[in-house]
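Let me begin by handing over the structure; questions about it come next.
Which chain is which? They are A, B, C and D, in the order written, and residues in each are numbered from 1.
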Amino acid sequence: MARDPTTRYFAGTDRDRAAFEAGIKLGSIAHQYVGTPVTHKNAAALEKAIEASTQLQPLVERVRVKIDRKRMRIRGPYGYGVLSEDLLSVEVAVRVGKARAVGVLRYVPELDYPLMYLKAVE
Amino acid sequence: MARDPTTRYFAGTDRDRAAFEAGIKLGSIAHQYVGTPVTHKNAAALEKAIEASTQLQPLVERVRVKIDRKRMRIRGPYGYGVLSEDLLSVEVAVRVGKARAVGVLRYVPELDYPLMYLKAVE
Amino acid sequence: MARDPTTRYFAGTDRDRAAFEAGIKLGSIAHQYVGTPVTHKNAAALEKAIEASTQLQPLVERVRVKIDRKRMRIRGPYGYGVLSEDLLSVEVAVRVGKARAVGVLRYVPELDYPLMYLKAVE
Amino acid sequence: MARDPTTRYFAGTDRDRAAFEAGIKLGSIAHQYVGTPVTHKNAAALEKAIEASTQLQPLVERVRVKIDRKRMRIRGPYGYGVLSEDLLSVEVAVRVGKARAVGVLRYVPELDYPLMYLKAVE
């Protein structure tokens, strides 16, 4: 991170920032794309677009986005659904110096809630 | 449109509805995707995803989305930009019975404004 | 509309444009705010913000936004829901010259679908 | 956090989670509201709505949102602008057990970039 000109704005450690940046990516994905029309036809294109745009964001090492085809709710006279957080399964790894955080967004049935959590931080 | 169960909710003619539906599609695109990170790397994937999701919406006959690579503003320490209405060039054709409307969103330099307009209605 | 510099870009009549503009406003609302966290606590502030931002858009005469408190789905460990199209009830009137169009977005139970339709056009 | 049923999904410490949650909130705000029409007329209503919806999200202790009136770019034939990340100044404090993280989003002129950073973490 020696040459990253943003470093001097940050309190805390590289590890803190890794966790913070992982959170940013998940919050961004959830709120940018929710509401997009989706069916089996476009789900793959949408997954790819979300991955590609997330990959551009600061410090992203890798990202994988899956839209749950089984839980999609296709309905109405025109036969399509919309993307909701519940349909998203995202894993994003962020690297800051020697620290890395892996964040996950997935629907957790026991909580009936699309949880964002830290799967690993080191 | 004889079997479209939504027809009875509509005032006006098929032509009115075609114009209305063209407007919906342009408004939807502008407000769903603006803010997405974008560079030359992901612009094609994003165009494709916007087209594919718009194609699912009611009564769309065809849609074409272009992101203006020349006007993209890549900036900051991480070298990316975000999608704005000014970067979008969209043309969408909607068919309702025998009526058709073609709506356009594009940045109009003389107005310094990303205008949505009816290019054709018949 | 004599002095509206956008007029020359438009095909069709004032009535066509009124229908088109009503569609834009509904599409914009649906795709801008869907995904926003919502409960009884902030629903009124959110309704007001949506109305105020829509009022700024071209040619809007009046707009009314209601979020259906009864159909909100509050859930999960933190007790909140998110705005979906199904929760929105919007009526927007647009004026173009002597033409006026009134567009509505509301969940229609018989269709199990959040329908956008022209309530009036004249 | 003893009774928070989400705790067992998390790797790392309360401090890690506090940083992560602060990031989520900033990412969410940036990508939910960017693109909203804005002028002096509705900026206060929009600030209030963003604060109120953020307050609902998990573990938020306090949040303050300012839209920079001076940097707003009002333009075009209808005289309005749209919200961009550059116009937003956000500070959000998140509490997890005894840990607290304060995240900031603000435009940093030296970087020409709307930076999200950790202002404090303890």
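Convention: contacts are C-beta pairs under 8 Å (C-beta built on N, C-alpha and C of every residue); 3 or more make two chains touch, one makes a residue touch a chain.
The model shown is predicted, which means the values in this text are computed figures rather than measured ones.
Least-squares overlay of CA atoms from chain A onto chain D yields a rotation of 180° to the nearest 5.
Relative to chain B, the most remote chain by averaged C-alpha coordinates is D.
Residue numbering shows that chain B and chain C use the same positions for more than half of their mutual interface.
If you average the CA atoms of chain B and of chain C, the two centres end up 17 Å from each other. Centroids built from CA atoms put chain D at 25 Å from chain C. If each chain is reduced to the centroid of its CA atoms, chain B and chain D end up 28 Å from each other. Shown for chain C are the residues that touch two or more other chains, namely 5-6, 30-32, 35, 77-78, 111, 113. Those residues of chain D that touch chain B in the complex are listed here as 30-31, 34-35, 75-78, 82, 84-85, 111-113. Those residues of chain B lying in contact with chain C across their complex are 5-6, 9-12, 15-17, 19-32, 101-103, 108, 110-111, 113, 115-121. Residues of chain A touching chain B in their complex: 4-6, 32-33, 35-39, 41-42, 45-46, 48-49, 52-59, 77-78, 80.
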